[in-house]
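One structure below.
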Amino acid sequence: MTQWHLDVNESRLERGKRALDQIDGEAGRNVISALADIAPDFATYVFEFPFGDIYSRPGLSVRDREIAAIASLAAMGNATPQLKVHIEAGLNVGLTREEITEILMQMAVYAGFPAALNGLFAAKEVFVAKRS
Amino acid sequence: MTQWHLDVNESRLERGKRALDQIDGEAGRNVISALADIAPDFATYVFEFPFGDIYSRPGLSVRDREIAAIASLAAMGNATPQLKVHIEAGLNVGLTREEITEILMQMAVYAGFPAALNGLFAAKEVFVAKRS
Amino acid sequence: MTQWHLDVNESRLERGKRALDQIDGEAGRNVISALADIAPDFATYVFEFPFGDIYSRPGLSVRDREIAAIASLAAMGNATPQLKVHIEAGLNVGLTREEITEILMQMAVYAGFPAALNGLFAAKEVFVAKRS
Amino acid sequence: MTQWHLDVNESRLERGKRALDQIDGEAGRNVISALADIAPDFATYVFEFPFGDIYSRPGLSVRDREIAAIASLAAMGNATPQLKVHIEAGLNVGLTREEITEILMQMAVYAGFPAALNGLFAAKEVFVAKRS
Amino acid sequence: MTQWHLDVNESRLERGKRALDQIDGEAGRNVISALADIAPDFATYVFEFPFGDIYSRPGLSVRDREIAAIASLAAMGNATPQLKVHIEAGLNVGLTREEITEILMQMAVYAGFPAALNGLFAAKEVFVAKRS
Amino acid sequence: MTQWHLDVNESRLERGKRALDQIDGEAGRNVISALADIAPDFATYVFEFPFGDIYSRPGLSVRDREIAAIASLAAMGNATPQLKVHIEAGLNVGLTREEITEILMQMAVYAGFPAALNGLFAAKEVFVAKRS
């Protein structure tokens, strides 16, 4: 993705679908598919609020939003699948592997060494999978 | 602070003291003072590891590090004093009030609306205090 | 509040405003006011997603939703202001003081005795304030 | 389980065993078995305190207690095996799949979208396993 | 307290009352008093399970149990009142101020620097209050 | 390990390597190896800060530090790999299986029954692996 453009004529749902597709790519589409037979309305909310509302706001770049997403998910330490989605999203929107590694190492300061280690090992899995 | 320059001739402690001073400013100095009569060695560790080691690494800008700090502390939701220090630090290293507000709003997605609300109210206190 | 009626002709924002007003009452209005000068758009999101979308869904009663809100906020233990808002909301939608006390005591099982104790003391403050 | 009846002549242990059996069923028995060779006394405590004491209290229905259990475990996000036990228990005491799905979706509000997603995927596993 | 002796003829409640009194002292009694008008049964559970059951088990010394209590409460970071009670209890059962300070500093490793800092500042308050 | 001796002539890195090797043994070495191709500098920090700085401090015995580590990691509940490393380290520095089991059971009080159960099941895996 080179850049994210806001189109004010889109509905929240359309805008969110486009944003999820461009930012999270295949990993995001897999989450949405997995919701189909348990909570299809929740897939709609995932499109609408995080992506149609929040990620589409102009006040912070999508690259900066992915720094915030990776940092918070690694710090909480209880959402590994979502952390992996956002590590991949970070790569999609222009963060380098080195920058993502730095963000995860920094989490040792705020959330402890285990949170940093588990984040780094999640990144390793994503980086390896992307290489193949 | 215009920019953070790494000086490889400094010791970790000197580098950390300089970084804490430039990034966290008065709020950082207050934390260090408060440690003097309970755990002075811990003040040394605060200088050395988070600032002398992590913040001094060249792979991620100090501005980006403060996005990660604000996001993670707001998401964990159990470290309000440190969140305020880093909101102030974010302003010191070039994040705008709008950007900080966006980061905190985004935390509603990963950590829930209460985490975002409490982060926003912490920012409000910092912003008001800076104005006076 | 005797009961919450869904009006499909309302917008999400209108529906959310009505729900927040009826469920959370004054405590909810205070949160919204406090957002006005820091993040007014976030007030809109609070109306729209938690209240306009989630609380307005017909699959679970508002009383049952407040059981879930009180339990989760007490268990996480890092969102006392929001826990108090929902203890008050619980009373507004028909939970008794005894039922709320039981929910909070039960949190000792899942989140530990400190979470239960801090929840009970938060409830005590709300119950006392309502009496006056 | 049609309904849970309190028998005041039972000991805490007997009452807890009966409650665990009726509420958590096979999933609960598996937890107890797994404790036998590491901490058999802890199995006794699981019977006595959560079930013999808390679940046997008359002030809140067992159905309402399972709403609180599912909500709190999903919100904390670090206890997936116990969340699954209580999703199954919820079905045993009369919550519908739709109601459980609603509780889990609602956790997006208090604990973030990842907590809701991971809770929904845990429910999906339980629902599928029950079908077979 | 010189040492904790188990008396098998006591009931759980009597044993727990004696243990809470000897270990937590005044801080523990204050918690129990505060429960009287909101959840008196919960005061009974606090006596019975944590103190009558767990602390009275012979397999780990009360001093070692207070290390575990202080470490876990500081790491979770959302239970400051209980952390203070157990810092005082640690002093009551023979931990030195230096040892308690070391435990809290160590939490920087597992739970991050904010958890350690907030634990140290809680200890400072307890230590100062004991001096007067 | 019979005992840990501090050698003031060592660098932080040397001291940390020696401490990690003696305390965490093979489990610790595996963590370091796993970091080699994603974040080798973080391996250095793991040696230096937790082990070269904190564990080498004389104010608390290594046995007591492992009580604190096991308690905090079990209570947080989001760092199972690190909990297992420290359960093994606890055995290496003189904690008995019974003592470790007691620490984990006690976590039911502060962090809830799920945290205690998941900690006990992690210990069971470590104990079984050591036996073979």
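Going by the order they are written in, the chains are A, B, C, D, E and F; count residues from 1 in each one.
The criterion applied here is as follows: contacts are C-beta pairs under 8 Å (C-beta built on N, C-alpha and C of every residue); 3 or more make two chains touch, one makes a residue touch a chain.
Note that the structure is a prediction, hence the values are computed from the model and not measured.
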Legend entry - If a chain touches subunit A and subunit B alike, it appears here: C, D, E, F
Inset, instruction - Tell me, please, which chain's centre (mean of its C-alpha atoms) is farthest from the centre of subunit B? - result: D
Legend entry - Residue-number overlap at the subunit C/subunit F interface, same or different (half cut): same
Inset, instruction - Compare the contact pairs of A-E with each of A-B, B-C or C-F and report the one sharing over half of them by residue number. - result: C-F
Inset, instruction - Determine, using the mean of C-alpha atoms as each chain's centre, which chain is farthest from subunit A. - result: E
Inset, instruction - Could you work out the angle of the rotation that brings the CA atoms of subunit B onto the matching CA atoms of subunit E, rounded to the nearest 5 degrees? - result: 120
Legend entry - For subunit A paired with subunit C, centre-to-centre distance based on mean C-alpha positions, whole Å: 29
Legend entry - Separation of mean Cα positions, subunit D and subunit C [Å, integer]: 23
Inset, instruction - State, to the nearest whole Å, the distance from the C-alpha centre of subunit A to the C-alpha centre of subunit F. - result: 32
Inset, instruction - Would you mind listing the residues of subunit E that make contact with two or more other chains? - result: 41, 45, 49-50, 57, 73, 75-79, 82, 101, 105, 107-115
Legend entry - Partner subunit A, residues of subunit D touching it in the complex: 76-78, 101, 104-105, 108, 112-118, 120-121, 123-124, 127
Inset, instruction - Could you please specify the touching residues of subunit C with respect to subunit A in the complex? - result: 41, 45, 49, 53, 57
Legend entry - subunit D residues within the subunit B interface of the complex: 75, 108-115
Legend entry - Residue numbers on subunit E that touch subunit C, as the complex places them: 31, 34-35, 37-39, 41-42, 45-46, 49-50, 73, 76-79, 81-82
Inset, instruction - Can you check the complex and tell me which residues of subunit E touch subunit F? - result: 49-50, 54, 57, 59-60, 64-65, 67-76, 79, 82, 98-99, 101-103, 105-111
